[in-house]
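Take a look at the structures below.
After this come two complexes, each holding chain A, first together with chain B and then together with chain C.
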Partner chain A sequence: MNTGFVQSVRALVTLKPKQKLTAQYLLSLLIAVSLAFLVGAGIMLLCGYDPVACYAALFKGALGKPRALGNTLAKTVTLCLTGLAMSVAAKAGIFNVGGEGQLYLGGLAAAVVGARMADSPAWLIVVCALLAAMAAGGAYAWLPGILKVKLRVNEVVTTILLNSAAIYFCSYLANGPLKTAERGIPSGTDSIAAAAWFPPLIRLSSLTTGVFYAAGITLFIWYLMTRSTAGFEMKITGTNPRFARYGGIRADRLALWGMVLSGMVCGVVGPLEVFGLHHRFLTTLSSEFYFDGMLVAMIMRYQPVGVILMSFFFAILNIGGSAMELSAGISSEVILIVQSVIIFFMAAEGGISEMARRSAAERRVRRAARRAEKEASA
Partner chain B sequence: MSAEGPVVRFEHVTVQFPGVLANDDVSLDIRRGEVFALVGENGAGKSTLMNVLYGLQKPTLGSLWIKGRKIGPRHDPLRAMAMGVGMVHQHFKLVPSFTVAQNIVLGMEPKRRGLFYDQKRADHDVRALGERFGLPVNTADTVGELSVGLQQRVEILKALHRGADVLILDEPTAVLTPHETDELFEVIRRIVAEKGMTVILITHKLGEVMALSDRVGVMRRGKLLGVLPTAETDERVLAAMMVGRDVIFDELREGAPGEQVVLAVRGLAAKDDRGLPAVRGVDLTVHAGEIVGVCGVEGNGQTELTECIMGMRPQTGGTVTLNGRDISRHTPRAIRAMGVSWIPEDRLSTGLSAKATVTENLLVGKQRQPAFSLLGIHYRRRNARRYAAKLAEEFDIRSGGLELPAASLSGGNMQKTILAREFSFDSPVLVISQPTRGVDIGAIEFIHEKILEKRNAGCAILLVSADLDELFRLSDRLVTLYEGQITGRFEAGSIDKQEIGYYMTGGRQKEARKA
Partner chain C sequence: MSDVFNLLLLQNTLRTATPVVLCALGCLMTDQVGIMNIGVDGMMLMGAFFAVLGSYLFGSWLMGLAFAFALGVLLGLFYYVFSIKFKSDEFIIGVALNILAGGLTVFLLRTLFGVKGSFSGPGIVPLPTLDWPWLERIPVLGPVLNGNTLLVYVSWLMVAGSWVFLYKTPLGFHLRASGEAPEALRASGKSPERMKRLASVLCGVLATLSGAHLSLGYLTMFSENMSASRGFVAVACVIFGGSNPPRVFLAALLFGFIDALGLRLQKYIPSDLTSMAPYVVTVVMMVAVVLLRRRRQSTRSLAS
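Up next, the complex of A and B:
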C-alpha cells in the first residue's frame, strides 16, 4: 500500500494536543448546553407548557426580529464588557467584585460631562465623557488594588463594600446636588447634549453606535490578554505569583494594573447606557449587570473569546426569556428556573468534560485490548 | 505465610491516560509481611499502580485483589483504608494549620457525647499510637512548622491510626536527610518484624532497595519487567533494567576552580516564616568555576539562605556581593539582572507555574527581550515556541507537547524545565537547591552533567542538597550548615560521609565520641 498516503491521512485525522483539548472542550460545552435544554424542557413539561413552542418563542424573541436582535446584541455588549473586565483582573490574579460600583461612577461622571459640556462639539463630548468614565472607574478600582498590593487587604471584601458606597454616593448626588430640574424624572441628573447621544443602529432597539466603542475595547482586551507581552506576564502572575516574583516579573504592579484596567472597562459600561439609552444618569442605571458578567467570565474560565461567545448566549436567554413570557404565555418564574438550570449546566461543564474524556479513553483501551487478543489467538 | 495467599494481587492491570499507557498489563502479588520495593524511572508507572491499589485511580482493564477479595469498580481511598491499605504520598496531604494530633485523627475524630471533638482524647490516642510504633511526636505542634521528616512521620501515623497493615510509601526518602532516612528504615524494619505489616516502597534509590527490601519489582514504561528477590540481585543489574541500558557514573570535573571570588556572602542573617532566626551570620565565598556544596540536615537555614541571596526573603543583616558589587536588599528582578540564577527546591510553588504551558515556563525572564517581544508590547509567540522547542531538545524535556500545562510533566521533566530556563540565562552565579530531589536515575545523571558543564564553563555555583552522594560527587568545597551557622569547611576529598555527619549536627556528636 501507499504508506505515504496513509501517513498523511493519519496526520490529518490526529489533531495536535492543544487542538484536541479545544475540540474536546467545545464538544463538552455542546453536551452541557444540550443537557441544559433537555432538563429545561422537562421542567416546562412538568409545569404544563409545550417545550418546543417555548424554546421557539425564546429564540424568536431574541433573534426573530431586527429589533429583538438589536436588543440581544446590546445585552451582549454589556455582558461582554463586564465579563472581560472581570477576566482581565482575574488573569493577573486579582478579583474585582466591585464592577457594579465602578460602572455607576463611570456612568455618573460621563453624564455630568455630557450635561456640562453641552456647547462643545459632539465628538469632544463623547471623548471627554468616556475618558471621565474610565478615570472614575479606574480610580475607584485603584483603591482596593493598592490596598491589596501594599497591605495585603483582601480585595474581594473591599470591592464588595466599595460597591455599596459608590452606588449610594451616586444615588445621593442624583437625588440631591445633581438632581435635574426637569419634571417627571424621579431621580436622575440633567439630560446630556442631544447631539452627543448614541443613535440606535436598529430602530427602536437599544443597540446604538456605542457598540463600536465596545468592540474597540473588546479587541484591545483580547489583544492584551492573549497576544501581548503584558498578557504573558499577567498569566504567569495569575497562575503563580511567587513564581512570577522569582522570575523577575513585577507581580504586584501587574495585579494593580489589572485591577485598574478592569475598573476602567467597567467605568465605560456606564456611559454606554447613559449616552445610548437614558441620555442622563439614572439611579436605576444597572441591574447587577456586573454580576452577570462575572458569571460569564467564571464559566468561561476568563478566556476572552469564550467570554464574548458566552455573552451572546446569555443575552439570548435574557432577552428571549422576557419575550417568551409575552408570546408563549409561560410564567416568568418558570423562565427564570429554566435559565438558572441552563447556567448551572454551563458551569458544570468541567465535570462533564472530564467524564467524557475518561470514558473515551476507556473505550480506546478496550478496543486495543480486544484487537491484541484477536491477534494473539490468530 | 504463603499459605494465606498474597495480601495484594494485581491481575493484568492496565491504566490508560490520554496518550500514555501508564500501566501496561501488570500482574503482581505482594506477600504478607514483606517489604516490597517498586523501582523505576519517573513516569514508569509506579505511582499509578499504587494509586490503583489505594483507589485513587481506576484501572482501565484488569482486576485487583486485596486480602483475597476482588475489588469492585467503586474502589476508593475510603474503601482501601477500610481494608487496611494506607498510603503516604510524596507530596504530603496534611493540613498545615492543624496540630499533629488533629491531622492524624482527621476524618475519624474522637467525639465527646457523640458530638464534640475531643481534643484531649485525640492527643492521648495519638501519643499512645506513636509510642506503640516507636514514632514519637509532639501532638500539639502545628504541622506547617514541622520539618519535612516529621511531617512524613505524621503521615505514617495517620495511616496507622486508620488501621493500615499494608503501607504504601511513595518516594519516602526523597525529602529526608541521611539521619532521618536511617530512622525511617529503622521504623519500617520494626513495624514489619514486630507488627506483621506489609510495606510497599516506591523509590528509585537503589541503595535503599538493597538495604531494606525483601523483593523488588522493576517497572519501565508502564510494564513490570520482573520481580526479583533482593538478595539475588545488585544495584547495577537493577539500574540497567530501570533505564534499559548500563548507567555509568563518570568523573566529569575538569580543571581547578578559578582564583576570582564571584559570590561573597558576609555575615548574612535572616528569619524564617515564623519570625525566628534561621540564618545566623553566614560567611561564604564561591569562586569562578567552583561548586561549593552546602550540607546540612533539612531546616537548618538552607532554604532561607538561598532565598536571601535571590531576594525572595528580606535579610536582617549582612551583605551579599557579586564581583564586589552589593546585590543584597534588591528585588529578585534586580538580582537576576545583576547575574544570579536560582533553581529553587520547591518546584511547584516557586520554580514553575503548573497551569502555564511548558513554553511559557521556559520563557519566563526573557519575555521582554526583543526576540520575544515586539517593542515591548507584542508577544512573539512563534519565536517563543521555536526557542522553547530548542531548549526542550537540548535538555531532553519529555512532554506530551510544549503547549500543554507544565502540570502534565513528570517530576524529572519539571526539574529539567527549570534547569533549562535558569541555565539559559548564562548568569555568572548559579544557586541550586535540591536539583535531583524526586528525579529518576537517568535524569540525575543528565542534571549532574549539566551542572558540571556550567562549572567547567566558569560559573560560580552554590549547591544545596540533602543528598550527600550528590554533594560529594559535584562539589569542589563543602560547608556544613547547622542551625543557621557554618560549622565546618572542607576541601572535596578531605572528608568522608561519616565524618561530615558530625558537623551537620553541630559537631556535638564528634565531641561526645572523643570524650
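Up next, the complex of A and C:
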C-alpha cells in the first residue's frame, strides 16, 4: 500500500493540536462568570437596583429583537477579529497591545481609498480598501515587531504608546489635511463611494455584509493556527522555546510575522466600521474595541474556537449593557467591572486551583494522620 | 518664539512631569523585584478619582491624600495576591486592572456624583501650593522652583528617598535581591514573597498618589480616563532609566518637557500633532537607550 499516504494521514491526526481548554478549565470559567455576575448583582443592590431586572434587561437588550441581535452579532465579529489578532501574535510569542492604533490607521487608509476611487467599480474599491487597511495595520505592527526582534525593545510598552500616537495622528489628518469639505461634518474624511457601502443584513442594525469578509479572515486564521506548519511552529515555540530553537524554528522571524499578521487583521476591523457604519473615517471610529478583544483572547488562552464563542458572550454583555442603562437606569459601566472580575479570576485560575488542591491534599493527610492516631490508641 | 521658550515652560515641565515621576517610581519598585506592572495606569486613574472623592466628602485635601493612600495600599495588596500568590500572568492582571479602573471610575462618577464626563466644583479642595521665600532667592530658577503644589516637592524627596532606600539600606538590598536572586535571599532566611509584597504596596501607593496629584494638584477636577496613558509612559521611563531612580526622574522630566512644549506650541502647530509628540518621543527614547547600551558594550569588548 501507499505507506507514504498512510503516514501523512497519521501525522496529520497526531499533529492535530490538542485543545488546551480542558473540562476543568471550562468549569472554572463557569464559576468565574457566575462569581462575576454575583459581584455585579452586589453592586446593583448597593446602588438600589434590582439585579434580576437589570440582568433581564441586559439579555433582552442584546438578544430580544432582530435589530438587537444584529448589533450583538456585529459586535461579536469585531471582538472575534481583534481577539484572533491578539491570539496570532501571542501564539507566536509576542504581545500586540497596539491593535487600537492599527485599527485606526487601517480605517483611515480604507476611507481614503474609498473616497478617492469613487469612479471605480464597487468590488475594486472594496478590495483595494481592504488591502490598504491591511498594509497600514501590518506596517504599523511591523515597527514594534522589528524593534522587539532586533533590539529587544519591550513590545508591550511600545505598542501601547504607538496606540496613542496613531490615534492622534489620524485625528490630525481627519481634522486637517484630509478633512471633508462637506458641511455639517465637524471632523472626518470625505464620504466613501455609496456603491461600495456594506449594506446591513438586518434592518437598522449594524450587522452588514462586512461579516462575510470577517468570516473569511477568521477561517484563514483558524486554519493558520490549528492546521498549518506555521501554526505548528507557533505551538512549539509557545510551549517550549528551547526545543523549538533546536528544532530549527526561527522564533524571531515567527514572532515578527505573527505581529505583522496581527496588525493586518486589526487593520481590517477599521474598514468594516468605515464601510458598514460611518461611511467615512471619524475620529471616534473605535472605543477601545481592541482591548475588549484582547481580553477575550486572554481568557480563552488564545484558542481560536474559544475566542469565537467567548466573543459572542462578551458582545452580549457589551450591547446588553447599553440597553440595560436605558431601560433599568443603572450605568452600563457595571458591565466593565463584571468583565474585569471574570478576567481576574481566569488569570488566577491556575494558582487558585493549585492552592485549593494543595489544601485539600493537606486536609486529607491530616485526616489520615488523625485516623491512624485513633487506631493506634484503640 | 519667546512666548514658547521662557521660564513658564520649565514650570509647566515640572507640573506635567510630576505624575509621571511618582508613577514611575512606583513602577520601578515592582520592576526591581522582577514584575513589570503595567496596571499602574489604572491605579493612577483610580487614585485620581478617590483623591477627589475624599477631598470633596471631607472638604480637606488631606483626606483626599488619605483616600488615595489607603486605596494604594489596597491595590498594592490586591496586585500582590493576584500576581504573586495566585501566580497569574502579571501582564493580564495589569490590563484587567486598567479595564477595571476605567469601568469603576466612570461608574462611581455617574452613581455618586450623577455626572458624565467630568466632575469639578468648588467642593473639591486642591492641594496647597508651598511658598518658600528662600527658594525664590535662587537666581533665574527661583520662581520656577518655588510655589509648586505639595506633591511636586514630595516627588523630589521620593526620588532621593527611593534611591537611598534601594541602594543604601538593608531592606532595599533585600528587595532588590528578591528580584535578582530570590533563592539566595531565601537561603539567607528572608522571604522573597514578603519583599515582593512590600514592593507591590509601595507601587500601589506611589501610583495612586500620582493620580492624586493629577486630580488635586495639576487640575482640580476628575475627568473620565484622565490618566491618558501616563502610566504607560511611566513604564517606558522605568525601562529607559534602567530602574535607577535619578535616571528615571530625568526620563520623566524629558517627557514632561516635550508635553509642556507641545501644549505651548499649540498656537503654531495643530494640537493633535503636539499631543502625539510625547508618545513618539518616548518610543524613540526606548530605542535610543538600547542602541546606546549596545554601542557601549561593543566599545568595551573592543577595548578589552
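One rule holds in what follows: the second predicted complex is superposed on the first by the 306 of 378 C-alpha atoms of A that agree within 3 Å, B and C clash if a C-alpha of one lies under 4 Å from a C-alpha of the other, contacts with A are read in each partner's own complex, and residues count from 1 in each chain.
Heads up, the rule we're going with is that a residue touches a chain if its C-beta (ideal position, glycine included) is under 8 Å from a C-beta of that chain, and two chains touch if they have at least 3 such contacts.
Note that the structure is predicted; figures quoted are calculated from it, not measured.
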item: Touched partner set for A:179, first chain B, second chain C, both or neither; value: neither
item: Chain touching more of chain A, residue-wise (chain B, chain C); value: C
item: Chain B versus chain C as contact partner of A:228, first or second or both or neither; value: first
item: Partner chain in contact with A:116 - chain B first, chain C second, else both or neither; value: neither
item: Partner chain(s) touched by A:161 [first = chain B, second = chain C, both, neither]; value: second
item: Touched partner set for A:245, first chain B, second chain C, both or neither; value: first
item: Touching partner for A:65 - first (chain B), second (chain C), both, neither; value: neither
item: Doubly contacted residues of chain A, that is, touched by chain B and again by chain C; value: none
item: Chain A partner contacts - residues on chain B that touch it in the complex; value: 14, 16-19, 21, 60-61, 310, 312, 331-333, 336-337, 342, 344, 349-356, 360, 363-365, 367-368, 372-373, 376-379, 381, 400-401, 403-404
item: Chain A partner contacts - residues on chain C that touch it in the complex; value: 36, 38, 82, 85-89, 91-93, 95-97, 99-100, 102-104, 106-107, 110-111, 228-229, 232-233, 235-236, 239, 270, 272-273, 275-276, 279-280, 282-283, 286-287, 290-291, 294
item: In the complex, chain A residues that touch chain B; value: 16-18, 21, 227-233, 235-236, 239-240, 242-250, 357, 361-362, 364-366, 369
item: Residue ranges of chain A touching chain C (in the complex, touch as defined); value: 43, 47, 95, 97, 147, 151-154, 156-158, 160-165, 168-169, 171-172, 175-176, 291, 294-295, 298, 331, 333-337, 339-341, 343-344, 347-348, 350-352, 354-355
